[in-house]
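Each of the next two complexes has chain A plus one other chain: chain B in the first, chain C in the second.
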Partner chain A sequence: MTAEALLAWARGPGMQIALAVFFLGITVRIVEMLLIGRAPDLAAPRKSGVAAGWRTVFHRSLPTPGMLKRSPLVFVGGYIFHLGFLIVLVLSVPHIELFHGVWGIRWPGLPRSLIDLAAILSIGAMVALLVHRLVDPVRRFLSRSGDYFAWTVTFLPLITGYFATHHMLLPYTQMLAVHILSIELLLIVLPFTKLIHTFTLFLSRWYNGAIAGRKGVAS
Partner chain B sequence: MTSLENGINAFVEQIDTPIASFFNSCVHCGMCADACLFYTETGDPKYTPIHKLEPMRRVWKRNFTFWGKLAAMLGLSKPVTDAELEEWEPLIYDSCTLCGRCSMVCPVGNDITYMIRKAREGMVAAGHAPDGLKGATVRAVEIGSPMGVTWKTVQAQIKHAEQDTGLTIPVDVENAEYMVLMSSMEVVNFPEYMGAIARIFDQAGVSWTLCSDAIEATNSGIQIGSSDIAAQLVQRIVDGAEKLKVKTVISPECGHAYTAIRWEGANLIGRPYSFKVLHILEVLDELREQGRLQTEGMETAKLTFHDPCQLVRRGGVVEEPRRLLNMVASNFVEMPDAGVWNWCCGGGGGVSANERADELRLKVFSRKKAQLDAVGVETLVTACSNCRIMLEDGAEANNMDLQIVGMAETIAAHLPTKTSTTATEESSS
Partner chain C sequence: MKKQVTLGEQLRQRGISRRTFLKLCAVATSAMALPPAMIPRVAAALDKAVRPSVIWLSFQECTGCTESLTRSHAPTLESLIFDSISLDYHHTLQAASGTAAEAARDKAIKDFYGKYLLIVDGSIPTKDDGVYSTIAGRTNIDMLKEAADGAVAVVAVGTCASFGGIPYANPNPTGAVPVSELVTDKPIINVSGCPPIPVVITGVLAHYLTFGEIPALDSFGRPLAFFGESIHDRCYRRPFYDQGKFAKSFDDEGARSGWCLFELGCKGPTTHNACATKKWNGGVSFPIESGHPCIGCSEPNFWDGGGFYKALSTTTRPLANWTGAAVVTGAAVGAAAGVAAKRKRSAAKRAHHTVTADELKKKEEA
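On to the complex of A and B.
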């Protein structure tokens, strides 16, 4: 297969398969979770849990007092990685073009140099987090193959995207094909790995906040 | 059915949408470890809160997820074994006080404490609960108190309190506003509580009663994780309150009792209550606000307040003790992390009833000691008799010179003597 053919497949059928698995997978995983159900709380509430639920959805993104000091690397590394990833994903011009092709809407992108910076910071943070996972006793103890796998499939789109834009390692067309394939791999495995937290964390935070909120407890 | 099957079934029954969402969301970031005193004080990663739930996670995965079910069908995954549950028993019972700190830090929002509470249902059904807690639960069911305190002992206590205060302790009075519950620890170790309540209520002109059928507020069923037993213990209180037709039931100076009767009780018996439940601190603070709680004089000794986890993090009682203390203490200082971030005494969640955990509990007391050393106080006030015993134990083990007292008696010591008689006249007229 030529690089062009591979790229065409990745852009066409490959992407379609990946998106289908992604959406179907997410739906199945969320529905199988919601179907379990939950008993209603019969205790007389102090307050409604709804407001606290929503508040916690957002508020849990901020570090809690004292914790920033206890696990600075996880906090700082986590922020940089997530924000960098998000910036590259939605604010790089080629990505915006792609979204425009699908949805027909466009938004302003960031200059290439800033996208590069976000990518490098994100890559650096991921490497630091990986090293921390390998050397810190708690993280090493908790980590299983799934954690390293999730790291790898998240890292690949970042690094291949960077290589592609900088014409490194492989000819552009080949690297672009690899980049798109790595995104497809990420999409396909996301629903079935811990990467599903991208979606479930909102539900988890909401439950945490709502359970606490009914009792008038901070969350 | 083997006890292992019972245990697995109980896990399955406990798993709900929030738990599935929590397991799905965990990214193994390890931040919950830094919130848990069993990890911070030992440095042992096995005390990481989410790790305590590993057996439950595997049951969830096998029974509630697409891949887990598929793998189980194809024989690709191993079910949880009895040996594993045995290995996890100390993690779930000895090294978790259900203090709720981990639930407040997890970045994806997992309420880990909620999960551990529920995981205990599976553990006890599988026969893997600590002997100390089993004994306490049996006594709670058979005698009516985890410490084996009988109504006779309470009666002796009532007599003492009546002699000390010169007041009548009302028993089984119908239509009283408040029904006062106690914890066995108060009956046995801190008899001053009953007298303090009698004097405060007398001064404030409050109608109250004890109930001879329902005195014990603590609930070993919840601590061990047996909902059936927990429901039975709650039912006694509900029956007592409904028989006496009281408006409000008062949870004593105890954190877990409050969680049990205030937040879990209605869910355990499967219907809402016909009465209100308040913690004694909430009642005292209400009286203060209404101007019915008058005090005179101030404690001048430097003192601080230990927030019981179940009040501050699981119960929602945070400012009340502060307002009350400021009424009677001129040198009230806060420990670092006081309030919603306070650290556990080390003996909540049934740990204090589990002798096997004693050594670990005293080891992790170093966290509390550090907090106390930072403020250097002479007096430590708390609002939970279990915390109080644990604090006394920890202070003794560490040769700390500290007076540890309860909130009600601290307030009662500052009741004005004169108004007391007027209030009695008013209330009896």
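On to the complex of A and C.
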């Protein structure tokens, strides 16, 4: 198979399959979780949990006091990776074109130098977090194959995207095909691994906040 | 056999001065990406080169390739060197027709067997025994195989001959194939492009005349000197790509300011050709310079690449319906799974026996 054919497959049928699996998987899991719901709280609520639920959804994106001191690398690396990944995903012009192609909406992007910076910081943070996971005995003990798998499928789109835009390792056409295929792999496995936290974190935060809110305590 | 006239003699007869000839050699040398020190060698070799016999076969094509090579606005050095090869058969250009034309081809094959260059433009239909394109009652497959047998090398000119091109595009009703699928025992040089750049074909001929061998090729059999870099790499609008400045439509501010055409579907990043450096119409401009995105015409399957006006990073198939269907199906499956889980929970609840400490004590004693 030539690089052109691989790229054509990745941009066509491959993306179709990946997006279908992704949306199907995400909807199945979220609808199932919502239907199972929580056991009814029979106690009289101190106040409505709704506001506290929403507050917690946002609040838990902010660092908790003392976290920087407790595990500085996870704190700094975690923020850099997540924000960098989001910037590259949402504000890179080729990606915006993809979203425009699928849903017909478009927004302004960032120059490539800034996208590059976000990608490099993100890649660096991911490598540092992996090393930390491997070196720290407690984290290593707690890590399972699923953790390393999730790291790999998240890392691949970042590194191949960087290589593609900088014409490194492989010719651009091949690297672009590999990059798109790596994203398709990520899309396919995301709903069925712990990467689903991309979506479920909002549910669990809301539940936590709402439960605490009904009891009238801080979450 | 014809009198053996050297290329140098031929050019001098046409009033080409030594100075002009050396200029041509310098251009050809730089076009082939050879060091300047090679210019004298190229000049000596071209001067002494006996006009090589060339047989040109046109199959499923639009004559665009021939037009590109012969219809320059003014006679160029490329066209002069092109005129100076002994084009023994080219059924579009030659004066002879009918049986006389076919006889000319037969004679050239016989006289220069094992020495002539075979140039092919157009793809070759193979479906239904190749009946979709015949010349003088013979199929293209038959004619290609016969001519290729005695050729020293085959130059596939244009994307149709190199990769199948437009006839090869889905659904390929004639079963068209490129030259490389039918000729497997001869060196093949693919000079792709729809049409290819004139200087590329003369560059290849000059290289062959100078060194007696075919130039270095890429993985698609294209001369590296011309196809080694992508359009994007050498595009004068590249800085705008890096700055994130893109034309969003053909008549917006970005388009008027000459910004990058990536969002309008430019295939420059995946297209290898010399348009951005050699340019067209005697070096006047190339498509991107005229405000149109590169359509990737020198790459295999460019016609089926998912739309000329779709950005390279987008999908080639409509996905909104797919994602919608996936969400609806997902909701249904999720609902079923949720109901099943709830049932399981209630069943577990019903099956649950409460046990008192007394009962446990009794059980232990028993």
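Observations on the structure shown:
What we mean here is this: the second predicted complex is superposed on the first by the 219 of 219 C-alpha atoms of A that agree within 3 Å, B and C clash if a C-alpha of one lies under 4 Å from a C-alpha of the other, contacts with A are read in each partner's own complex, and residues count from 1 in each chain.
By definition in this document, a residue touches a chain if its C-beta (ideal position, glycine included) is under 8 Å from a C-beta of that chain, and two chains touch if they have at least 3 such contacts.
Fair warning: this is a prediction, and the values are worked out from it, not measured in the lab.
Superposition of the two structures on chain A shows chain C fitting alongside chain B with no clash. In the superposed pair of complexes, A:N208 makes contact with chain B only, with no contact to chain C. Of the two partner chains, both chain B and chain C are touched by A:V28. Of the two partner chains, neither chain B nor chain C is touched by A:H166. For the three-chain arrangement built by superposition, the Cα-centre angle with chain A at its corner and chain B and chain C at its ends equals 170°, in steps of 10.
Of the two partner chains placed around the shared chain by superposition, chain C is the only one that A:S113 touches, whereas chain B remains out of contact. In the superposition on chain A, contact of A:L98 is made with chain C only, not with chain B. Once the two complexes are overlaid on the shared chain, A:L19 sits against chain C while remaining clear of chain B. Legend: residue contacts after superposition of the two complexes on their common chain; A:G66 is shown touching chain B, with no touch to chain C. Touch criterion met: A:R38 reaches chain B, while chain C stays clear of it. Overlay on chain A (Cα): least separation between chain B and chain C is 6 Å.
Shared contact residues of chain A, touching chain B in one structure and chain C in the other: 28-29, 32-34, 36. Residue ranges on chain A touching chain B, taken from their complex, read 28-29, 32-34, 36-39, 41-44, 46, 56-57, 60-61, 64-67, 70-71, 74, 78, 136-144, 147, 192, 194, 196-197, 200-201, 203-209, 211-212, 215-219. Those residues of chain A that touch chain C in the shared complex are 2, 4-5, 7-8, 11-13, 15-16, 19-36, 93-95, 97-98, 100-104, 109-113, 167, 172-173, 176.
Remark: chain B residues 15-18, 20-22, 24-31, 33-35, 39, 43, 45-46, 48, 50-51, 64-67, 103-111, 114, 262-267, 270-273, 276-277, 313-316, 318, 337, 340-341 touch chain A in the complex.
Taken together, the chain C residues at the contact with chain A in this complex read 220, 230, 232-233, 241-244, 246, 262-263, 269-270, 299-301, 304-306, 310-317, 319-320, 322-323, 325-327, 329-331, 333-335, 337-339, 341-342, 345.
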